[in-house]
Amino acid sequence: MSLQVKDLTVYYQTLKGDVHALESTTFGIADGEIMGLAGESGCGKTTLGQSLIFLHPPMKLIKGGVTLDNKELPIGDMERMNNFRFKKVSIIPQYAMNAMNPTRKIGKMVADLLKSRNVDFKSLLPELKRRLDLVKLSYDVLNMYPIELSGGMKQRMVMVLSTMLNPSLLIADEITSALDVSSQKAVSEMLVQFRDRGYCKSVIVITHDISVLYQIADTILIMYAGQLAEKAPTDVIVHSSQHPYTKMLISTLPEVGVRYVDKQLAGIPGGPPLLLKPPVGCRFRERCPLAFEKCLEKPPFVETEKDHFVACWKAGT
Amino acid sequence: MAQPRKQNEALYFMRRNAKLQIGVAIVFLFIILALVGPLLTKYQPRDYVAPGAQPPSSEFWFGTTSFGEDVFTQFVYGLRSTFLVGMVGGGLGTLIGILIGFTAGYRGGIADEVLNMLTNIVLVVPSLVVLLIVAAYLEVRGLVFESVYIALFSWPWAARAIRAQTFSLRSRDFVDLGRLSGMKPLKIIFTEIAPNMMSYLLLTFILQFGGAILTAATLDFIGLGPTEGMSLGLMMNNATTYSAIMLHMWWWFIPPGLAITAIVGSLYITNVGLDEVFNPKLREM
Amino acid sequence: MLTLDGVSKVYRVGTFGGKSLVAVNDVSFDVGDSEVVSLIGESGSGKTTIGKMILHLTSISSGAIRFNGVDVSRLNGRARKEYYRHVQGVFQDPFSSYNPIFKADRIFRTIREEFFPKIDSHEWNEKIDSSMRAVGLNPDEVLNKFPHQLSGGQLQRFLIARALLLDVQFLVADEIISMLDASTRVGVLNLLAELKSRGLSILFITHDLSLGYYISQKSVILYRGCVVEMGPTEQVYHHPLHPYTKMLMACVPRLGMKWECGEIEVTNPNVKQPDLPSGCAYYDRCPVAGNKRDCSTSPSLVEVEPGHFVACWRQTKQES
Amino acid sequence: MRRYFGRKLLIYVITFILAVTVDWAIPRFMPGNPVEILIARAGLKAESAKLIYSYYMKAFGLNVPIWRQYLNFWIALFHGDLGVSLWLFPQPVMKIIKQAVPYDILLLLPAILLSWLAGNKFGAYAARSKWLDNTISPLAYILQATPYMWLGMLLAWLCGVRLHLLPFSGAYSNAMMPSFSWSFVWSLLQHWILPFASLFIVQFGGWAIGMRNMIIYELEADYSHYLEALGAPRKLVRSYAFHNALLPQITGLALQLGAIVGGALATEIVFSYPGIGFLILQAIQNHDYFLLQGSCLFIIIGVLLANFLIDLAYVLVDPRTRVGMQGEE
Amino acid sequence: ATTEFPRSQTLYTGGKQWGPPSNWNPFMTGNYATGTIGLCYETLFLYDPLTAKFTPWLASSGKWTNSTTYRLVLRSGLAWSDGKALTVDDVKFTIELGKKTTLNFSSLWSWLTSITKVNSTTLDFKFKTPLYQEWDNYLYNLPIVPQHIWSTKSLTDVATGANDKPVGSGAYLYNTYDQTKMVWEKNVNWWATKALKLSVAPKYVIDLVNTSNENSLGLVLQGQEDLNNNYLPGISTLLTGGYALHTYYPSAPYDIAANTAWLDINLQKKPMSDLAFRKALAYGINVADIVSRDYNNMVSAADPTGLLPMWNKYVDQAVVKKLGITYNPAKAKQVLAAAGYKDVNHDGFVENKDGTKIALKLIVPNGWSDWMAAAQMISKSAKAVGINIVASYPDFNGYLDARLKGTFDLAIDNQANVSNSPWTYYHFIFYDQLKDIPTTQGGNYGRYNNKTAFALVTQLDKTKTTDLAAMKAVISKLQTIQLTDLPMIPLWYNGMWAQMSTTYWTNWPSSVAGKNHDLPVTWNGYWNMTAILMLTQLKAVKQP
């Protein structure tokens, strides 16, 4: 196991009280695994990703721990965590389009960043060039300013930069959401290539587009309202999921080939609960067609089959 | 995104924001002084009530001028004009700014270009210098008139800010929706756009208010202020012409300047406070 | 019902109209009665611009849009208001469609003020009630709330209900579900389909091919402001003729069907930089483009099958 | 890029023409006749005054139609001729202004540049922690709100009258004529300190505040978060934020110039510093239309020119303007 | 030029120059640099107003040989500072310049016929109608310029040229100037050293440009300015403050009276056209208050005739006793009531006889601080008797304009200065404004129209200066008219403001017996009223 998250609980501290954005999450990612992280907007995907690298106020670590390559990740300690950031854990943020300093040449910024991490920029140049080639960026981009690049190019540049030090864990937050289908495909495939070439060991891909995950992820983790719902290999999630939420979610996705006149899809009625004062027990209870009394207790996230974890009292039954 | 919640929050933050409270408190203190001050004194600002050049005493709280006018009386009347100039000058400046900002921001196109150019022109012209020219040739100058011509040169800042805001609000979908409902542009501006900028307009007004006070003080000091009445700038002007500095009559020139500094400074601090209240990004600081 | 006839939109950017940007280039298509037409294209291809021109929110640079034979751009004052009685729009971001400082149902009030100033309250409430039910909202649940207290799906339904208050015949739906969550988007989508069956014509703007497929009878594929292909949805999706459409179809991520591994990015090997000032807009990315000369003029739409048009020199050549 | 400059230049040219026209027009359409004043001032014998009146009208070019006067004004302007001063008759306005300009440069240039640099450094420093921010920023706000002349009066009183530390009037000792001697330079410096200080202090507050606000915004920007997430040291993040925050401060400088010049005016008056501000006051008090016109014109041109230079410089330092360079700012 | 001036040999003056020195043209009376006439160019005589005596200066004597011929004898051994001799040709040339071009004294030629050179030191002036009073005025005011330099100048330059680096005959030479000062350097070859055994004490006279009252006060208090001729508010409180200050009179009013401040009344407007109203006004103004509060007793209240104290002998006390008006509020109210001015609407102010409101504006130039305060006080004391006067401060331009065009109601004015004859005073009050276009108004801004009075002024001008009785007779008639008709109301005497610092120089002029009684004033026209002699009396203080 490259990454092991145990009982991680992170709240946002706000004036109205704590937002329980991440509650007792426990899961692992194997070496070389690309794990997709999906769920509705606001379910805590970004929070999870951020917690693993840059847990800053108003986020607050309530409990839990993370180990990466069998070493404890001091995620709650800003200073100590710095030794791991970029080198061991890295991120391609949701806002990759604006992630680069608009007034510095890209090359300069890369150099500054590397130098500040005590890495010799010069000696990395050939490698940098190789990776730029891989993502189809010309070497000249280093001499350009971010605004001279298109959105997709910036996205790829950040991808290269973030993985420059071959981190064990890469967190890719919504990196394809703003792209056209063609670029989406390209970027996704690059991500796979990065993993394949060992630029990064394990990857967490955060998105709400399950069909993209289906293309690239080895496993998919479904979250609902701050809690884990289900984790399993991609095919299992798509074709034989056990959590009612996952099932319903998959079934709502329109696809080319499905027409209203032929087959009417149904949505999930209702909406997710507020995380400020989340209901006890299973948080999906309200919307779940299968809900019963037991659901007032929080279902544990258990392995029902090999590599298949579900948090539902009715799972497997 | 969520404004009503924001308003409640705003209240909450207002109560917690020390800058805002201190700023508002000081400004209010002076407003009250301006309101009740004239009742506390039995003199008129230009009355000769005592021997000249008296230092502050229990009878003449701020001392007297060379001629024996009561500095305190002048001070409280001066405060009144200061607030008047702030209100009228700042208000009018904001109003012109709003007018031009809304028009430019909402209409866009050529109207925007032209107004923008006008704004830029007035912006780069050293306004005080032009004010000097204008004021120098006016025979009789009143307080309100002074406020008006201060406003005529101070609006560009407001216009720019409001234009930018309008510009960003204009492209919001609810404005388009308003148009789809057949609303007239003016109605859209005032019922859809303006309410969303209230906090912004308030901030703009406060800045204009402070700016007008400072400009007026400078004009008065140079001797181009109102030809009648009393103002804080005029007090400083008098203090210099009658050599208060050389004669160590500090009680004559310190209060007016101090009041201006305190009022304008508090306005600025209030502004930051309000900004912090309205702008969640700054709250964390 | 609605016809676009050679519509173009040129934005002037820079001071005093320095540069110009052709956002929409000579677009023609029509939407029939009770028909859903989906307008598909990537970001910046001019979809929204077309929608806004139809809604008379932006001026038309050239060409004409006709609604039941009437030139839309001529409408002003009362006539324009009358037009809005029949043609309405719903936009992408449900949250920004509401003025955040007012309650959500204010949008109804505006409609009443502008279109039904004389109606009495009872009648009006009834009207609201019925149109709310039509969009599947429970009035008691949603009335008198601020936008942030409602979900995106509810807000979009609200907007549709608003349109239904009027005698609306044509709806421009600009990416109305792309901001919604998977769990709620289907509901709104189904609602549109339902409205269609009640006789409404819809221009469904999207960049998501599967959504377009799900709902529309006719699809128009837009690329850089030009229509590259259009026709009955089935034909366009299953027999794409234009290389761009083909590429799109290949890139759509589908559950249960993995992308074919191949070129990471599809580009025209002949082109280093987009240096074609005129001509086929897709030339620089086109993998099948011939040499430069062949594509140096812009191809016009050619009907390849009944109702199925494509603008590609290759197709045209094959034909002839 | 060319378009950008073209546009800027257009604005400047229009501004210039308008400003000059206003500058020319106001005295002419105001009541009163400058020559009458000159004569009244001379205390001439009535019998001679009549003769001298027509003589002066001609000398000041006031005896031709108004449009002709306007034309002549422009023609003269391009010959560097701003007319003859009434107050200091028969000195040419240009000569008087030329004598004053060095003092303005001496006072304004260091005050503007140093306060800008120091204010920005200090503002960046203040944004560093809540504690610093809560103590230093309010102080900076107060400084910014201080009327220039009042601070000047305070300084003059404290440092000059009370403590006898520094002279507070004029540009150098009355016992000297300008020369390249140590004693002269020393005297110049002593007289310069107080007016400089009052300009510096007020502006310093303004820049510090501006910088503080900008930096806070920059530190909240995505690129800052990205850098932090990658573990970049605070130093790097701050230096990026500082650099980016500095850019708007440059445009701010251009926009503030007019106001600063206004402040300098008041300061020069307090300290009887013989710059253009002081000239303007004298021109106003002595009804010297031509000198007033000339001085104001000079300031306007100066501010426009400085603005233009800053615009130029800005393009060099901010790649966004260089690459984007489209309509919106 | 010199770049540093040793303090102990330098006299710093100030008070005349309100702007940088801009010209040294003695014919540009308005704004030539301090000392241009007096230190550099000299006049034929000096005049001492305190003793009413003429002192021969460039001239050694002058007298009327008959009623239309004046014979002038020039001193011998006179020289210009460039070494050339100063001769009668220069004098003749100078005065004839006024015929060639428009100079301030050009009107002289309307009654002067010719100048003839009798011999190398003597000139005869032939007059059509000799104006004796006015001629005497020229004798100590007309600067003599060197023909060898001025004959090369164009006439424009003569009239309005700056005349840089002037060459004169006086005690000082042009040294240098800058924006803040004019520097004069002692002329070691000055003719008077030999001829009159006079030697000026300071090596340099530096006249500082006034920038503000405050600044001047600071300089004087710190001993950086030795003589200041500004009105410095507050100075009287400092005289005893250990500042080494000296004034002409050791006690109030401290300064010699220099001119009369009076109230111009616009006689063409209602109700000022009514004599009764003017009388009430005159009774209603509390001048003592102005003197004590505004001026801290640095001025004294004016005589009802307004004639300066030095002209006391011309005041017809009988007339004053009979007609003179002084502050008396009760009387003012009584006069108003008697004339039918009543407070109809009970606002505290009387209304016109026809019931319309009276609201008079009293204008003084903005920034003239002592006058502004005085206007306030006038307004206050007038209000006390029921006359509504509002002080108003247009700027100087507006003030002049209102006065010239006659649009004002009331104004404070002080243009008639000390001179050799009360004629200048009456010429100003009874100036026949009707014969002049407004632009060249020479006085009488109230538009008083009385042909008799105008004729009397001319008659006075034509009276021989030696015929004191005749002069008095005319003046008495003028005073009767003045006090009867009240065309203006005299208020107070402005002083020859002179603050002297004894830090570096002593032996200043003083009223004290045994001290020199020269006028300590650097204003234009005062050097030749004995101020130049002050420089010969000064003694440097030995600095430790």
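Going by the order they are written in, the chains are A, B, C, D and E; count residues from 1 in each one.
Basically, a residue touches a chain if its C-beta (ideal position, glycine included) is under 8 Å from a C-beta of that chain, and two chains touch if they have at least 3 such contacts.
All of these numbers come straight from a predicted model, not from anything done at the bench.
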item: Chains in simultaneous contact with chain D and chain E; value: B
item: Interface with more contacting C-beta pairs, comparing B-E to A-C; value: A-C
item: Whole-Å gap separating chain A and chain E, where each centre is the average of the chain's CA atoms; value: 94
item: Cα-centroid distance, chain A relative to chain D, in whole angstrom; value: 55
item: Distance between the centres, which are taken as Cα means, of chain B and chain A, whole angstrom; value: 51
item: Set of chain E residues in contact with two or more other chains; value: 212, 218, 367, 395, 397-398
item: Sites on chain A at which at least two other chains make contact; value: none
item: Overlap residues in chain C, where contacts from two or more other chains coincide; value: 15-16
item: Residue numbers on chain E that touch chain B, as the complex places them; value: 212-214, 217-218, 221, 232-234, 237-238, 289, 293-294, 296, 366-367, 369, 373, 376-377, 380, 392-395, 397-398
item: Chain B residues touching chain C - in the complex, by the definition given at the top; value: 1-5, 7, 113, 172-174, 176-183, 192, 195-196
item: Of chain D, residues touching chain A in the complex; value: 221-223, 225-233, 235-236, 240, 243-244, 247, 317-320, 323-324
item: Chain D - residues contacting chain E, complex; value: 31-33, 36-53, 55, 59, 85, 87-91, 96, 99-100, 160-161, 168-171, 174-179, 181, 183-184, 272, 274, 278, 282, 284-287
item: Complex contacts: residues of chain C adjacent to chain B; value: 15-16, 52, 55, 57, 80-81, 84, 88-89, 91-93, 95-102, 107, 110-111, 114-115, 146-148, 159
